[in-house]
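Going in written order, the chains are labelled A, B and C, and every chain counts its residues from 1.
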Amino acid sequence: MNGKSSTLALGSAAALLVAIALPFVIGDASRLNLLILVLMAAQLGVAWNLIGGYAGQVSLGHAAFYGIGAYTSTLLLLKFGINPWLGMFAGGVIAALLSLAFGWSCFRLKGHYFAMATIAVAEIVQIVFTNWDYGGAAVGLTIPMTHDGWAWMVFPDKRPYYWIALGLLVLTLAATAIVERCHVGYYLRALKDEPDAARSIGIDITRYKQIALSLSAFFTALGGSFYAQKELYIDPGSVLSTALSIKMALVSILGGIGTLFGPVVGAVVLTTIEELTRAGFGGSGRGTDTIIYAALIIAIAVFYPGGLIGGYRAWAGRRSSRRTARGYEPQAAVHGEAHARDEALR
Amino acid sequence: MTAEILLQTLASGVLIGLIYALVAIGLTMIFGVMDIVNFAHGEFMMLGMYASFWMFALFALDPMLTLPLTVLMLFAFGVVLYKLVIRRITNAPMVSQIFTTFGLMILLRGVAQFFWRPDFRSIENSWVSGTVKLGAFQLGRPQLVAGAGAIVVTLAVYFFLHRTKWGAALEATAADKEAAQLMGIDSHKMFALAWGIGAACAGAAGGLLSTFFPIFPEVGANFILIAFVVVNLGGFGSVAGAFWAGILVGVIEVMGGLLLGPEYKMAVVLVVFLAVLMFRPQGLLGKS
Amino acid sequence: MSLLELHAVGKRFGGIVANQEVSFQVDTGQIVGLIGPNGAGKTTAFNCVAGYYAPSAGVITLAGKTISGLPPEACARAGVGRTFQVARTFTSMTAAENVLAAALLHHKRVATAREQAARWLAFVGLERLAERPAGSLTISEQRRMAVARALATQPKVLLMDEVMAGLNPTEVREMVAVVLRIRQLGIACLIVEHVLEGIMPIADRIVVLDRGIKIAEGTPAEISSDAAVISAYLGDE
């Protein structure tokens, strides 16, 4: 156990150093932008994973938090001149507060119903923002480049954006790692596996799901604010769409739901696929990339519910006799009655 | 707002509500029998619309004529989809189930866009085009026919479920899968049947809609959300519930549009949805 | 001194009366067996004590404090530990982690909880299986792990629901030994059991339920010769 985690720590530190140094090596702006997209997708995936993976509550409406983050920091900036760093934090807090209302009313809903409720909420938020003139309605909001530099999070060059995106990812990963290793992590795994048994050992299920959701909402909103500062333009279609919600969930599921680095792996793979298909087939508006994307989702869901990391672990587990215990085990979360049946037959 | 406008709106709400009911009946059957929410259900409707459209555009066959064919095609499609994909996830973790049907939703939309382009299509001058005057009201004939058609199909499904042997087997599987298996009912056959009928209902709705509604790859998007609402309001698994809830949702939608403006139609429906989810999750007509 | 008290506890589900006027108590360090034919309402009574149901009538107190109507997690914090009929193992964790999760109730620091978990696993004789995925343990091992898990919450009373069902004689003896060790710690035990050879020899008192009401209470010797009990079982076994 100790050997494994120090290798992991060393590996992560090395990867981080490389990541920090990359912008000095890569001169091409579009390549750098691609890396930024990967970092952003990864950060959102890690944030989603807190509620979708660790707590087992699949949200298909996370774009609502993303959009709230983007709109909060942008409106605070445009209407009150508030610094976007502060605005970003404020957006996170507001998203977390809103998630409290959502959790309180919806956590008692079972899996599918919860997912549907998240879709409904995200739709409502999108409709509201599309018709809210103060927030720009369908036209959207533009951030002028009157101030730039680190104080105002606006840069003519891509590199500082890269480092901020990297910083956000590291922050979100750190938060997840802390959750994973402290009592919250154990409680989340317990309530995901067996809610009744979790309650019998003193776990207040709603409270811990809410912790996961609020953290998830907070970090997702940070990502939204960052997007606004990078693109300098937001509208309901770009920050509140269902497609975004799906992507946030997909990145985690592809890479390995409920694992720390799963979403990062998923983000790399997904963004690569998107770029390849866009370069190879896209642009003609035929939507071939969508088809490949969808086929991938189905394949993962049907054959590799543990994602790429889960698949790797299963393969590694078969090679050596050492059993894997951490992370999402596909056979664990089987439908209740089938589980009981298996138990009785064992 | 005059009484006439109110009644006119109500009538149109009932008519579109009947279509919602038909789509939702398919969804609720699938859920009732196998506990899976089919996120791709709107796409069955979309495919029904396109089937109807292409038979009209290529062979000049009226949608009313080809409706039975559309229904059969979608039934077969539903069964095939079950056998190829859904069968593998009947016992999978919920995340897998959600993402499989979700993935199918995106896949079917993508395929439709690939083959038929994102352009809006419509069927002009079918047998049922035009309007009908009923006293002070003017209602579209296609809408009236669609509403009537929805009632007919609903009755057919209801009859099937309650008066035939297959229907009884389906209900038994929905009530208690293991007990039904012990009585010799093959669950997988029942699941395939449920998917077939579910797809057929949505396909029928699509065929009926095709006479007056624009046809494009993403058309299922709003319908699936409304179908969820209807299924939830009517009680998961209840066909009768879905029928009445569908009409109710149709009325709520158009009334919401009348009172708050058409941009907010969907929001009104969704707010009602959330309220019911929170305070009466078994639906307005379901049992605790 | 009495620890867990049920006063005229009743539970109905719609028209069905699962428990009616059930009263008994469990004293500190006592083993009380709860027996009765199928459908007698034993697990319902359990679920009322552990907070999964709120009783329709009556009161349940633990160490003088009313716990009836509290949710399960509050009952756990008050000192009620329980196992389930079907093991309900946390399958995404190792055996040690299962117990660790329970130890966190009173030891929020993971390192401390881990030590406690090791202690309780050793207590039930499973220390060599600590790092195995919990789902890979045999039924008997999972049952003992569930007991260790419940013990890690430092309960005042431990509710065990048919822990000996389906075990072979050796496994029954192992479980009996564990229960006796628990009594030595001063933890009260309320045990629902069908395997009478397991519970009769160790119980201090036996409470018998039939069709929702208590029909007898006494020492194992008294119960095994009680006419009402025998006729209740004859219809069943």
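As a convention for this text, a residue touches a chain if its C-beta (ideal position, glycine included) is under 8 Å from a C-beta of that chain, and two chains touch if they have at least 3 such contacts.
In this text, all values refer to a predicted model and were calculated from it rather than measured experimentally.
Peer 1: Touching both chain A and chain C, which chains are there?
Peer 2: Common contact partners of chain A and chain C, which must touch each of the two, are absent.
Peer 1: By Cα centroids, which chain is closest to the centre of the whole protein?
Peer 2: Smallest centre-to-centre distance to the global C-alpha mean: chain A.
Peer 1: Please indicate which chain is farthest from chain B, where distance is taken between mean Cα coordinates of the chains.
Peer 2: C
Peer 1: How big is the gap, in whole Å, between where the Cα atoms of chain A centre and where those of chain C centre?
Peer 2: 41
Peer 1: Suppose each chain is reduced to the average of its Cα coordinates; what separation in Å results between chain A and chain B?
Peer 2: Averaging C-alpha atoms per chain gives centres 32 Å apart.
Peer 1: How many angstrom lie between the CA centroids of chain B and chain C, rounded to a whole number?
Peer 2: The separation of the two C-alpha centroids amounts to 49 Å.
Peer 1: Using the touch rule from the top of the page, what residues of chain A touch 2 or more other chains?
Peer 2: Chain A, residues with two or more chain partners: 333.
Peer 1: Quick check on chain C: which residues sit in contact with 2+ other chains?
Peer 2: Not one residue in chain C touches at least two other chains.
Peer 1: Okay, in this complex, where on chain C does chain A touch?
Peer 2: Touch residues, chain C against chain A: 50-52, 71-73, 76-77, 81-82, 84, 86-94, 97, 100-102, 104-105, 108, 110, 113, 131-133, 135-136, 138-139, 149-150, 152-153.
Peer 1: In their shared complex, at which residues does chain A touch chain B?
Peer 2: Against chain B, chain A makes touches at 52, 56, 58, 60, 105-106, 108-109, 111-113, 115-117, 119-121, 123-124, 127-128, 130-131, 242, 246, 249-250, 253, 257, 285-288, 290-291, 293-298, 300-302, 305, 330, 333-335, 337-338.
Peer 1: Touching residues of chain A toward chain C in the complex: what are they?
Peer 2: Result: residues 181-183, 186-187, 189-190, 192-194, 196-205, 258, 323-329, 331-333, 340, 343-344, 346 of chain A touch chain C.
Peer 1: In their shared complex, at which residues does chain B touch chain A?
Peer 2: Touching chain A from chain B are residues 35, 37, 85, 88-89, 91-100, 102-107, 109-111, 113-114, 117-118, 178, 221, 225, 228-229, 232, 263-264, 266-267, 270-271, 273-274, 277-278, 281.
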